[in-house]
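Mind looking over this structure? Questions follow.
Letters A, B, C, D, E and F name the chains as they come in the text, with residue numbers starting at 1 for each one.
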Amino acid sequence: MFSITVRDHVMIAHSFRGEVFGPAQRLHGATYVVDASFRRADLDADGIVVDIGLATQELGAVLADLNYRNLDDEPAFAGVNTSTEFLAKVIADRLAEKVHAGALGTGARDLAGITVALHESHVAWATYERTL
Amino acid sequence: MFSITVRDHVMIAHSFRGEVFGPAQRLHGATYVVDASFRRADLDADGIVVDIGLATQELGAVLADLNYRNLDDEPAFAGVNTSTEFLAKVIADRLAEKVHAGALGTGARDLAGITVALHESHVAWATYERTL
Amino acid sequence: MFSITVRDHVMIAHSFRGEVFGPAQRLHGATYVVDASFRRADLDADGIVVDIGLATQELGAVLADLNYRNLDDEPAFAGVNTSTEFLAKVIADRLAEKVHAGALGTGARDLAGITVALHESHVAWATYERTL
Amino acid sequence: MFSITVRDHVMIAHSFRGEVFGPAQRLHGATYVVDASFRRADLDADGIVVDIGLATQELGAVLADLNYRNLDDEPAFAGVNTSTEFLAKVIADRLAEKVHAGALGTGARDLAGITVALHESHVAWATYERTL
Amino acid sequence: MFSITVRDHVMIAHSFRGEVFGPAQRLHGATYVVDASFRRADLDADGIVVDIGLATQELGAVLADLNYRNLDDEPAFAGVNTSTEFLAKVIADRLAEKVHAGALGTGARDLAGITVALHESHVAWATYERTL
Amino acid sequence: MFSITVRDHVMIAHSFRGEVFGPAQRLHGATYVVDASFRRADLDADGIVVDIGLATQELGAVLADLNYRNLDDEPAFAGVNTSTEFLAKVIADRLAEKVHAGALGTGARDLAGITVALHESHVAWATYERTL
């Protein structure tokens, strides 16, 4: 199995509901360093998993819709805790839509899956892994 | 599949038995930077894998029993080489006991598995992966 | 010249005023990975710059006053942009007060200076350096 | 499942053929920071996956055949794009040959698989994973 | 003293002349992860050293003139070894020209100096520091 | 001012004397990831600060005398706390002797200074800086 991963980041504000979150129930924020991995069994005709330039561009496009925002105000996230692991799934699912729409090239339709990791600090991160 | 990972470290002394270890047969030591990952198929009612604060606290508790010690003197490790990969299993198993005992919250009983990585330097690390 | 550095982090929300900030004028947030360095010409009687445990504890205390907060609501920062470089100075100055108050030990009174670095992502950071 | 990973690096020149590569069709180069992981179900008689010293030595031997070279001139790679993901497979396969030849010790014959990751920058990397 | 640093990277081919370089006399290549730091005594009217967005953009512009090239073919580098430390100076000097030309904003004219670090691998890097 | 830095590591056991060290008074150990920086005002005739290969070799030689040892048993350190900052000075001073003895090449005699950083974990490190 082959994979390529590209990294970018996003800076957001949000708050959590639930006693388990303690002081994180207050409005605060985070930088998420985001690693998006694309995997497939065999390389395409160009000898790659997917173009790293295209992957970087489309990850950037997905993150631009989240960046410099208060996620508490985003209708898409009404009533949910935008935890690091939840956001990993949001980004993975939006990248999957990009793949299905052909934004990562026609060869990318043979991708087997996507994993997204969000690093919220130097001591904590989360991942979400899905098939395509 | 979702996961969250928390990082901490531990500083120990030990020696190895066996020619394969060369100069590491002498008493020496290591800092292990420890990454403990918890994974599950779905998020809990709070939208998380397990509380990052609780996970950090319980990893810290497991490491406190090893920290600032000469592992050659620990009865629990008599007669074994406390290699990086062996210690990854020790920590993963002790975290699994914590999960089963409810120390990571009642929701954590739905965890599917644990992976522990121990970084012994910038150029070498080991992992142990298990189910729950 | 000797130095020791300890690392911790803080997660905050804020917004900026000024066209130069573009979309960062919206309420957003950041994780700052914070490195606090203490320097002195000679080691103390224990052979150290300052106790790493105490330095970690006092950096944690300074960051606890900022953590999980919306800095736009903090009276201490009314009317200023809480940029990464500005916050580096805030943290360095508060650590300097700790040193002068003896919180880092009596030997710490011989410290020559403090440098604080705030990493806002994997591709951007800021520092502030001062004497004591 | 256990694993150990060792890290080294290699510096090469090459060019790519195909419009998808844009300016990377020109002769350029890369440092690849290479992580080679070896995994197995159980530890060997010494309590390890494979000797980290031997693993480091054999990874170094594999990389020495690539290092400080223009890959466009290597007969082994004639007519293929030496993409990061392609090179991950080359290195994994050559390490597998080393394992089969006994270069990683007789215990290493119980290894279950190898994964190789090549970091081409701080924002992009590729992996190849295989069984043994 | 305040500073901000932004990070980007560049991928080039080159060779060295001189016995000291051993196998690096062959045509090979490198990824340089480039950190450009800007320092000044006081913050500007916006409370910053220089806009991180502008700094990132101008560093990218400087690197675009080097990226995906064989430096042996660049007239600007005829007859010199394009060592990591030499390239750090090239990039710092070109950024200094950008500052003097106003590309980093009018406030940037109060910058005191620039430092550029080039990481050629996980185990070697070089810096060049200059005043403005 | 130019500099180059090379990285290696060393794994040792030791204990500390003094109440300030708390549990670190017990025999324990550490991996130190060691960064040795060499600086000079101008490049040499080959266009470098010092040969990175030679610098790596000589740093390795200095570390080999410390590696896989219990520093409590080393006569050279009798009666002192082998703190991270103290060891940074030991390594810097031994590298300085190497420079003066010509081990880093004749051009290295123009070096202006050496800085050594020892990372004892992902959250703590120390440096020592000296002239030559």
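Criterion: contacts are C-beta pairs under 8 Å (C-beta built on N, C-alpha and C of every residue); 3 or more make two chains touch, one makes a residue touch a chain.
Here the structure is a predicted model, which means the values were calculated and not measured.
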item: Greatest separation from subunit D - chain, by CA centre; value: C
item: Rotation angle (°) superposing Cα atoms of subunit A on subunit D, nearest 5; value: 120
item: From subunit A, the most remote chain by mean C-alpha position; value: F
item: Self-contact between copies subunit E and subunit F, residue sets same or different by half; value: different
item: Whole-Å gap separating subunit D and subunit E, where each centre is the average of the chain's CA atoms; value: 30
item: CA centroid of subunit D to CA centroid of subunit F, Å; value: 30
item: Residue list for subunit C, restricted to those that touch at least two other chains; value: 7, 122-123
item: Touching residues (chain side subunit E, partner subunit C) in the complex; value: 1-8, 43, 46-49, 51-54, 56, 105
item: Touching residues on subunit A, where the partner in the complex is subunit B; value: 16, 18, 20-22, 80-86, 88-89, 122-129
item: Complex contacts: residues of subunit E adjacent to subunit D; value: 7, 9, 11-14, 23-24, 26-33, 67-70, 120-123
